[in-house]
Amino acid sequence: MSRANFQGKIINDPVYGFISVHNEILLSLIDHPYFQRLRHISQMGLAQLVYPGARHTRFHHALGVMHLMQEAVKTLRDKGVRISDDEGLGLSIAGLLHDVGHGPFSHALEHALFPVQHEQISLLLMRRLQEQYPCRAMEIAIEIFNRSYPRPFLCSLVSGQLDLDRADYLLRDSFYTGVVEGAIGSDRIMKLMNVHNDELVIEEKGIYSVEKFLLARRLMYWQVYIHKTVISSEHLITSILKRAKETLREGHDVFAPPQLRYFLENDVNVNDMLQMHDALEHFLDLDDNDIISAMKQWAKHKDETLSFLSGSLWKRKLFRIELQDDPFDAKTLRARKHLVENAFPQFSGKMDYLFVNDTVKNVLYQQDNPIKVRLKNGGIRNLDEVSSIMSSLQNVLEQKRYYILYPRA
Amino acid sequence: MSRANFQGKIINDPVYGFISVHNEILLSLIDHPYFQRLRHISQMGLAQLVYPGARHTRFHHALGVMHLMQEAVKTLRDKGVRISDDEGLGLSIAGLLHDVGHGPFSHALEHALFPVQHEQISLLLMRRLQEQYPCRAMEIAIEIFNRSYPRPFLCSLVSGQLDLDRADYLLRDSFYTGVVEGAIGSDRIMKLMNVHNDELVIEEKGIYSVEKFLLARRLMYWQVYIHKTVISSEHLITSILKRAKETLREGHDVFAPPQLRYFLENDVNVNDMLQMHDALEHFLDLDDNDIISAMKQWAKHKDETLSFLSGSLWKRKLFRIELQDDPFDAKTLRARKHLVENAFPQFSGKMDYLFVNDTVKNVLYQQDNPIKVRLKNGGIRNLDEVSSIMSSLQNVLEQKRYYILYPRA
Amino acid sequence: MSRANFQGKIINDPVYGFISVHNEILLSLIDHPYFQRLRHISQMGLAQLVYPGARHTRFHHALGVMHLMQEAVKTLRDKGVRISDDEGLGLSIAGLLHDVGHGPFSHALEHALFPVQHEQISLLLMRRLQEQYPCRAMEIAIEIFNRSYPRPFLCSLVSGQLDLDRADYLLRDSFYTGVVEGAIGSDRIMKLMNVHNDELVIEEKGIYSVEKFLLARRLMYWQVYIHKTVISSEHLITSILKRAKETLREGHDVFAPPQLRYFLENDVNVNDMLQMHDALEHFLDLDDNDIISAMKQWAKHKDETLSFLSGSLWKRKLFRIELQDDPFDAKTLRARKHLVENAFPQFSGKMDYLFVNDTVKNVLYQQDNPIKVRLKNGGIRNLDEVSSIMSSLQNVLEQKRYYILYPRA
Amino acid sequence: MSRANFQGKIINDPVYGFISVHNEILLSLIDHPYFQRLRHISQMGLAQLVYPGARHTRFHHALGVMHLMQEAVKTLRDKGVRISDDEGLGLSIAGLLHDVGHGPFSHALEHALFPVQHEQISLLLMRRLQEQYPCRAMEIAIEIFNRSYPRPFLCSLVSGQLDLDRADYLLRDSFYTGVVEGAIGSDRIMKLMNVHNDELVIEEKGIYSVEKFLLARRLMYWQVYIHKTVISSEHLITSILKRAKETLREGHDVFAPPQLRYFLENDVNVNDMLQMHDALEHFLDLDDNDIISAMKQWAKHKDETLSFLSGSLWKRKLFRIELQDDPFDAKTLRARKHLVENAFPQFSGKMDYLFVNDTVKNVLYQQDNPIKVRLKNGGIRNLDEVSSIMSSLQNVLEQKRYYILYPRA
């Protein structure tokens, strides 16, 4: 492509219409295998069991965040906020790459296969990319991502209670699931943003919209992200991977493509990922397809536990979940466990796979990292001080629920 | 579930809002493994390489068609058309199951792995299901599907130029790709349908909407279904599967889950599928995940052809495509072939994989199976007689284009 | 139209796609002059000054409510709720006619021209229509409207905290204003409704959606219905009409079409409306166009007060509004009044027109008319008992705000 | 508003989400009474009789066009097209003011009250505004509007076969009517535009989208703008105004606000509008409300013709319309006329009001002002040469239909 004719690329996006990319570094990063891998990592994991439309990927989400970053830069500049070209590009890069370290069914992998948080891998990959794209914007992107950049509003756009990551995923997940109650006006939120002393603030007239944003997010958590069926199926996939690992170590072969086998055979920790070429290479080769393709085989494995767990997920005979506001009392726990033990005597000694007692949390608002509101009179206040809804909801700003999971007899 | 409380199921669908299912047979068919398999067969194959939102599945499409069938029954009954309960249910079943025989990347499999059309497998599976659900509605569904039911309008709703399969896929594919020009008012089309002597007709005032529907479909073909990149990538996957089969037969092992290996090792024809339990079982176990997971391995295979083809798709180094209105002349073909042979001497003898000369067709309107229009005066006419657009487009009702494909040097 | 061909009517509606009417009484009521009058009564009064898209009418809203009633009947019947044909039709009629008594800029007229609530006129008109359509469904419609029908859930669908009037106006007003945060899933709400002992209930899993509905309604109040500019302009139009009446009585002619002049010249009360043919006839002839057309002339009237008020609205020099959570203290009130008196000495003695001290109320949830929730275990509870959000918001279930209004000096 | 804090204005628009205005001249023009008048001129005239949602105004449309102009400038600059700040602002002003000369029910007024085209009045008003805003951008706006600006692509964006006026009205009218088939991707069209030698061109890959745009426009004409009922009611309003004028001149008073009376009493021509302060002042005071308010009175006028015509429109007893592809033959015309004369003997001598024989035209594509396409190879061609659809539709590029109108007996 000759430079003279270089006009960028337009990507169709049902959420925003079009995503335009006119910067060559961004285009090149999008084409990079690190980023292309995200085409095969589904954004919402197993939520598609409940919401069949929810098949979109981290790839599309990351493009969406990058798009919102570009829009935010335009909007803020229109309002007179000074943002340099390197900062603008750095922000877009940070948006594009913020999830680049996600693995398949991310939390499952993180819990079952290797104990490394996806943010750590994202940072690692961004540093590798910096070697290939040694420019100031890339440097800024990394500083924004790890919150060390001196202008905090840029960091807040990538990670904060009103960041554009959330704006995109709420809008996108709402769009693809069809849960319209989760749709938020990302446009409106952006139009209401401003910058005061390099901090991100919301104009006073935007309070209702921000309340709405936070409540929509809460609703999406209860209704989608921590929907009972989703919790149940995500536990299952973690258990399946754990058991596959165990089965292999017990000396029984399990079907797996090499990159998955690597993680089943090895205990990989964060240092391995940082230092071992192998670990990272295999990680970069692994995606949702490998897990599903393998799991289908495992449903026929002669190890009863592995086949039971895998079959339960594959045939959607998900574990029963009881979810409540208070912890389960000892008596109930004993009763349920007993019930499971009786119904599944063949799994005695494997009860950790069959009976789970855990919690989920839904955070409406973090008071320790407040959203700043700029009043019409110029004053700056925390949202929870000026919103009558937020101040009334003090006791539900963070809600915890308790659940137990076990197979249906 | 006790009968007293039976109230059906509601499925979120971003396209229609909600899909309600209140009939127990429909619910049971949806839960059947034959149908659940479609969760892992993507509706638009490799179009997601161009349109990253296009990740929806045959599962969701089939639910959508079933939904439209239910709506059509209500709409036509409101207009005074008599439709029995068994016919209504049969129509919904036919809508639900019309694509149940699709394999992964359907045409690729059909061309590369076994020469059986998906309609034949759909029919086969519907007959199997009839054994489990031996009711009149199921019988009617099969008759509607194979066009032997005596009331033709029911068959036309499932398969015809204005069928609800097309209505759903145009609407859904347009929705997920973000190519809004393809969106058609399925509501409007249905509201304009009527029945005359048991034939499906369109009211005269609906002519513009039908013209619009046909032209939107044509646009979706050029812009999406037979987009250059889509053609190129679908050829590649066919070639990859063919070469994998060949490689195996040449005595080199290739990585594959058993159900894929089965089709690589065996030449399965339509009779095998009908008669051999094995063939069908393996088919039912195979989905997109297996192909992608295997193909990733093949990109590293020591067989140069297999790894070249697989790597080309995986790394999106797609073959170059030249597309034109007229056949390529012999001179051009020779020149291009020569160019490829020179650039890839290692593949001499494998040129069939590297150089393709083929055609695509875009049918705007089939005159031999006309859309019937009921004029205000009661007369029935063919659409191409009463639409000035359609009659003017006689010479482009069917457009053929010629293309050649070859790897970039 | 011959009966044999009678197939009803389809009305385009951007909110629902299409509104179908297949019943002849409904069609006839829609064509009735009482109902057609609503084509010229704007749904949102002067909110179009802030939201230029908000030009839709009571006519369209009433059709929307009728449509939702038809859908609710289908949905509830699908769930096994018995609803007779007369009840179904009666419900649709009640939905269609619930606002038929609205006058132009309804509250303005109600306050300024004659002290009759629109519900009373709606009921009066429904009774007149009953004489022309003497059928059981019409009788039921009236009983549903005045809440005397023995099956309360039917009354609740027309008037209650989750009625379909609200569902339509929230959705429609959100659609036309572009305030997407107010959009509620009317579909979802309906799908979650059920009937228990002839009372309307919401399924437990619908709690989040109902919370969302209530909070969206609250947001629409603050952001749209009682937006500062809207309050200010609605006060102005009331004042303008009052002053026009007074001016006429002071012996100065004012331009007005006869039906408006009638109400300027006469003090009409509820009995007049019920008993005097004249009053009702003139009322039925009056719409938004007359008020706006007259007001434009009044802006040039020689009565300084009338022309000042009319000009302020017409030229959008709206009064300044100060809005706060607590009552204004006496000192502030005195200060502001003094300021106005000094700036507008020509209006001494007319200060009631120039200085307003009043309140607005936003009711999130009415505890005395609770929304009933049916728990999964079958129990029935009030929403504010089972929703952690609602129970936390006890102190903001009803919010009052205080405002003063006065012309900018 | 202090300059330091000047941050522009955000207007809610359901079509685009938000319309942002950051330029002070634009803001000031929007607030100008010339422009505010458009709040009371409905965009689609009487089409709201068929499409009740179609209540939007010229005000909103003009804001929409201004918005698209702003977007087009950004898009084209992103592609490397040089557009100066004055040109960018001038283009936005031209978009904002292109319809500022529209009168109520524009064509009715133009035909019935005074023979001046709205473009002439727009130009006149723009020149008056230039006196108040004497800047280069305003000058450019006028040159763009009257097509004398030396860079043709700027003129083409305001007026041409792909201008943004059309883009907005198709999208907006489709949105508010609910005729989704008319929706066009304004985003897509803009993304596909480019500039070659200062001429507007479309990239080759945009051919399908442009075909779609033209066909959607054609559909909107047949289905909405020249819908039978719309034609019939627009003829009526013209007749009503003509007859009101005549009645007044015959010495009978008719109710009318002064600004309407002025045009009923005086024959105003283009020079009067340009030279007489009075004529323009009255014109600027006149809007839809005045016409409707007056017409309601006229429906009770003692002049039988005036009351018959006004009543026909007000009570929606619209004249019957027969529409066909060929001219009506003399025999049919005589027969219909005879029928009307017999049915309405009281209107003998007024048959011009009761019987109309006229034509409508729907132009799909203007070959004499072609859309330019830039091929991938760099060549520039006319759309009708490179689009197989357009070249096949040669004989329907412009369609004329013939109709007669007369009251139902």
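First chain written, first letter: the chains are A, B, C and D, and each begins at residue 1.
Rule of thumb we're sticking to: contacts are C-beta pairs under 8 Å (C-beta built on N, C-alpha and C of every residue); 3 or more make two chains touch, one makes a residue touch a chain.
Keep in mind that this is a model prediction, so the values were computed, not measured.
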{"item": "Chain whose average C-alpha position is farthest from chain D's own", "value": "A"}
{"item": "Pair sharing more residue contacts (C-beta pairs) when B-D is set against A-D", "value": "B-D"}
{"item": "Chain centre separation (chain B, chain D; CA means) in Å", "value": "43"}
{"item": "Distance between the centres, which are taken as Cα means, of chain B and chain A, whole angstrom", "value": "32"}
{"item": "Distance between chain centroids, defined by C-alpha means - chain A, chain D (Å)", "value": "49"}
{"item": "Shared-contact residues (touching 2 or more other chains) in chain A", "value": "17-18, 180, 185, 188"}
{"item": "Residues on chain C engaged by chain A in the complex (per definition of touch)", "value": "180-181, 183-185, 188, 208-209, 211-212, 215-216, 219, 222-223, 325, 388-389, 392-396, 399"}
{"item": "Of chain D, residues touching chain A in the complex", "value": "7-8, 10, 17-18, 20, 22, 78-80, 185, 187-188, 191"}
{"item": "Touching residues on chain A, where the partner in the complex is chain B", "value": "11-15, 17-18, 31, 33, 36, 39-40, 48, 50-53, 55-57, 59-60, 63, 175-180, 255, 257-258, 285, 288-290, 292-294, 296-297, 315-316"}
